[in-house]
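Below you'll find a set of structures to go through.
Two complexes are shown next, each including chain A; its partner changes from chain B in the first to chain C in the second.
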Partner chain A sequence: MIKNIFYKEWLKIRWAYLARGLLFAGAIIYVFASVGHSYKFYEAASYWYNIIFRGVKFYTTLRYLPLLAGLVVAAVQFVPEIQRKRIKLTFHLPVDEYNVLLVMAGIGFVSLLAMFGVYSLVFLLVGYTYFPAEIVHSAFLTMVPWYLLGLTTYSLASYVILEPLWKRRIFYILFAVGFGKLFLYGWFYNIYDRVLIGMLILTILLSVSVIYSGHRFKKGVFK
Partner chain B sequence: MIVRISRYTLILVAIVVMAIYLPDFYWLFFDVKTPSPYVSFSPVDSMFFMHRRKDNKLVFLDEEGNIYTRDEYEAKLPFFYYMQLISDGRMPESIHGIKLDVNEIKKNRNMHRLKPYQLDIPQISLYPLLESESGRVRLEFPDEYFRITDEGMEFVNSITRKVDKEMSALFTQALKEKGFEFPAKKIFTNPTTRKAFDEGCFVVDAKDDLYHIKKAKGQPVVTNTHFPKDIKIRHMMVTENTLKEYYGTIISEDDRIYFLTYDEYKPVELPTKGAYDSGKAILLITTDLFFRQVTLDKEDGIDVFVTDRDYNLIDEYHESWKTREEFPQGKIARAIFPFSISLNDGSTTYVGLYADWHFPLAWIGNIIALLIFVIFLKKEKRKLKKSIPELVLVAVTGLYGLIACMVYIYVPVWHSERK
Partner chain C sequence: MLVIYRIVCENCLCCKHSKHITKRKCMEYAVECRNLTHYYGDKKVYENMSFNIKTGSILGLLGKNGTGKTTTINILNGFLEPKAGECFILGENSQYLSPETKSKVGFLLEGHIQYDFMNIYQIEKFYSQFYPQWKKEPYYELMSKLKITEKQKISTMSCGQQSQVALGLILAQDPDLMIMDDFSMGLDPGYRRLFVEFLAEYGKAENKTIFVTSHIIQDMERLIDDVVIMGYEGVLHSSSMDYFMNHFRQYDFQVKNGPVNLTKDDVITNYDRVKNHASVYSFKSPEDVKKYLKDKGIAYDNFREVPMTLEDAFIGITGKY
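Let's look at the complex of A and B:
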């Protein structure tokens, strides 16, 4: 049964997944092409100076991509489920409803995580050929909150979508947007280094949020 | 179980989000600001003069509160406004019998500012080491950046992106000869070409000795400054200037302020009488032909200390004012919001969760919130006993908890429990 759910979820997200793969690949090519361009047009030393002492982020293009990825995966996975309340069918399968939901959310979460992992690896490997390790590592740690935002966005977007009532949904959206903004504070590099562990724990805790809405959906709430 | 985890996580997130945004939103409407005065010591009258913004107008005063016109004020501070005074033809020839020379005034006029967050800021540990004796009029940026590892000083060429082995070996050798122990604990530089000359960098080594490293005609010049080890160096602002009296300012771990002087690197402490709190005050050091001045600009007041050129304290000025928390709107805020959270409290560049608790005033708001919550539960026909965690939460987190619990209360697990 779980295997079938895998297949069903895969059918839903495959095109979105491919599209985002292309988008990310394009973004990374763009980032390093502009780095190469900067090397050609400016003195390398002053380019480094801007990165090290003025906090210029050559990778800033990648900032909102994980957020977008989270939103898209949540949408393609859960919007079809609430149309004509299809998810109710799932709840009538002879498996535990919460496990089904957890597997669905898990597939989305892990697919995003895998994607972000691959991108980080590519970024690091290409980065080393353009910059000394210090700059590449700083860039990577500065991007970790953006990836965590992508995962959090996915979790929060899916629970917002699955919530049956608009009255509640508005509050959920307000809290979610406010929370998401906290991941994009400030402009200097590495400023999140001291709270990354806490953010990671919260991201994991929030990954099961969809259960809350699923529970409400199943019970058929009226307020 | 898992429903409960997700629900409590969502409540927690909602509370944090509200504690960050709601007080900020409140203060958008009711904020008050007392602009701090800009205080300077007049060599003409040997007393403090200041200007400050009052009702969107600049007011010029002395320390006794007498009001001056702008022209009068400028005439009292000739070392500050000499350009204006010369242009107006009002520059005095001498003060107290000392003849004034514009070049001397200019040379002695320095200003160094240090904000709290600058003491705790992420830093990619690659630094440029400028050529200090190039023979050129203007300083130029080198192609290499250096790092100090466990093994030595390593120069990375920014064009080839490879380690310059020759230069690295040269500097590592020079450092070892002077007894430098790798790795470096702290590195301080002034990485800019917009200065008159370059003094290289200052480095604290593994056994807490402060070294001065320069590049002169491509060769390393390394000096152990023998800076006293009982002064624990927290930060150094390297500030080359033509006065050539000090290399820069050192802030110690216990918030004392020192000049590192050209006189065999001897430290000279600037007087602060323990008033400096590096996490809260903006430090401003100014020097002029007659005086050295330390200004500590805080949210709730200002402390100014003035010394003569031999660093003997000659006068001080203190003023304090109410912060927004002490105004009625501040008290109301403390009653409405049991705490506020910010991502940054100004003492660091790093992000954290900084909570400012508003108890005991906050009990007023919390009790009201708790009453509303109890009425809400009664109306929903819920048993209070079943809602003890929520009741405790509202008692502690007041308004935030109330809103969060009302938004996330209707988990229909309770549906069957209702009468």
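Let's look at the complex of A and C:
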């Protein structure tokens, strides 16, 4: 079943995946091109001083990309499902409906995780050539909440899209916006270090939220 | 009461795909609905509606817009929970269909909706993995008649072409029960005729049970064995097509004496009056209707029975408005 559902979902997300990949690649190239440019025009020691003691972040370009990626994947996966209530076809497949939803959400979640993993690795490897390990690791840990935001955004966006009623969707969107801001609060290095595990657990718990919307859709709720 | 037992029924047409069944005994009815009641908020759709679909027959659900046809389809497929009552599909409660039973039910959504981001090869490849008895030959035979390019997405096809894809997928699935919601929607006469003739032949040849709804009544006339007609009050009539067409009659006459108070009752199912010309619809014989009019003190002239098509009979029983 997983292989078959993956085939369907891949047909939906492959172009968005490519576009996201190019965007992320372009962003990382831009970030380190800017670093190289700064090295040429300012002394490296002076540049490092600003990073370490003044909290200058050379990677701010990447801040909202995971959020955007999460929104895009959720949209390309689930908007076609609710158009003309096409998800009835998915629910009619000879498999358990909630398992299908979990697999669909799992595919989107894992594809995002894989992408974030690859680009984190690229960021770390390229970063090591410009900065000492301490700066690169600190930057990475500061970015982790942004990746978690991307995954959470995907889960909540899927949940909102599948919800049958508009007034509930609006309520959920407002909740999601408020909740998402928690991941972007503060602008200091390693500010989320002590709560990262909690945020990770929340992200994982929210990843199955799409089942509730699917259940409401299946029951035909209208108010 | 649900009786669970094992029987060997190798020769049974209704369970030819399995030697043993653990649900109900070999089924006389592929679909059973009992005392269905549903409301959308305070708006009643219907109350205590019951009907059955005999295994191997084709039943048409006719009704005006808003009488609950799609609501019934949604309940049958488990997409809507009725306020009361229950439906059984191949012996299972429709709210809790097992994957095995779902594999035996072919479902055509209103508008022939499919995964239209796929092309015909991708969609066949996707569905074929789910159904053990998948037969790709009838699907590709039907697809060979389509004038499309190899990689053309279903979303770029015409309504008629999309309907052919949807029909082909159901044929390839080879289900025991086919549920088709408004199968003729958006189709031109040629495609509608193709659909109807194909379904009729396929249903009879393979002993399939087919449940259809459509607004194009003349298509239903060629296709269905049994009919359920729904009105805003619920089920108006349920019987075989033969019985309905042979017993439901229209009588026209000229009214001779002034205003006439016609009412719906045991004799008059429905009526229509334009100045002195009256039409009454009834399951009674001409003699019974004439006696009824006499008893009511209605003087009439030119009393005659009017031959009806299924569409005429449908409008007769449901009314024009």
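General observations
In this text, the second predicted complex is superposed on the first by the 222 of 223 C-alpha atoms of A that agree within 3 Å, B and C clash if a C-alpha of one lies under 4 Å from a C-alpha of the other, contacts with A are read in each partner's own complex, and residues count from 1 in each chain.
Criterion: a residue touches a chain if its C-beta (ideal position, glycine included) is under 8 Å from a C-beta of that chain, and two chains touch if they have at least 3 such contacts.
These numbers come from a predicted model, not from an experiment.
Aligning the two structures on chain A places chain B and chain C side by side, free of any clash. In the superposed pair of complexes, A:Lys219 makes contact with chain B and with chain C alike. By the touch criterion defined above, A:Phe188 reaches chain B but does not reach chain C. With both structures placed on the common chain, the touch criterion links A:Val208 to chain B but leaves chain C unconnected. In the superposition on chain A, contact is made by A:Lys12 with chain C only, not with chain B.
By the document's definition of touching, of the two partners only chain C reaches A:Arg84; chain B does not.
In the superposed model, A:Asn4 lies in contact with chain C only, and not with chain B.
Once the two structures are superposed, chain B and chain C can be ranked by residues of chain A touched, with B on top.
By the touch criterion defined above, A:Asp96 reaches chain C but does not reach chain B.
One geometric descriptor of the composite model is the angle centred on chain A: between the Cα centres of chain B and chain C it reads 140 degrees, in steps of 10.
Judged by the touch definition given at the top, the superposed model places A:Phe175 against chain B, while chain C stays out of reach.
Least inter-chain distance for chain B and chain C in the combined superposition, rounded to the nearest angstrom, is 8, based on C-alpha atoms. Shared interface residues of chain A, touching chain B in one complex and chain C in the other, are 219-220, 223. Chain B meets chain A in the complex at residues 2-3, 5-7, 9-10, 13-14, 16-18, 20-21, 121-126, 128, 141-145, 147, 156, 158-159, 161, 191, 343-344, 349-353, 407-408, 410-413, 415. Chain A meets chain B in the complex at residues 43-49, 51-53, 98, 102, 129-132, 134-135, 138, 159, 168, 171-172, 175, 178-179, 182, 185-186, 188-195, 198, 202, 205-206, 208-212, 215-216, 219-221, 223.
Interface residues of chain C facing chain A in the complex, by the touch rule stated above, are 40-41, 74, 77-81, 99-100, 102-103, 105, 107, 109, 111, 113-115, 117-118, 122, 125-126, 129-131. Listing the residues of chain A that touch chain C in their complex gives 1, 3-4, 7-8, 11-12, 80, 84-86, 88-89, 91-96, 218-220, 222-223.
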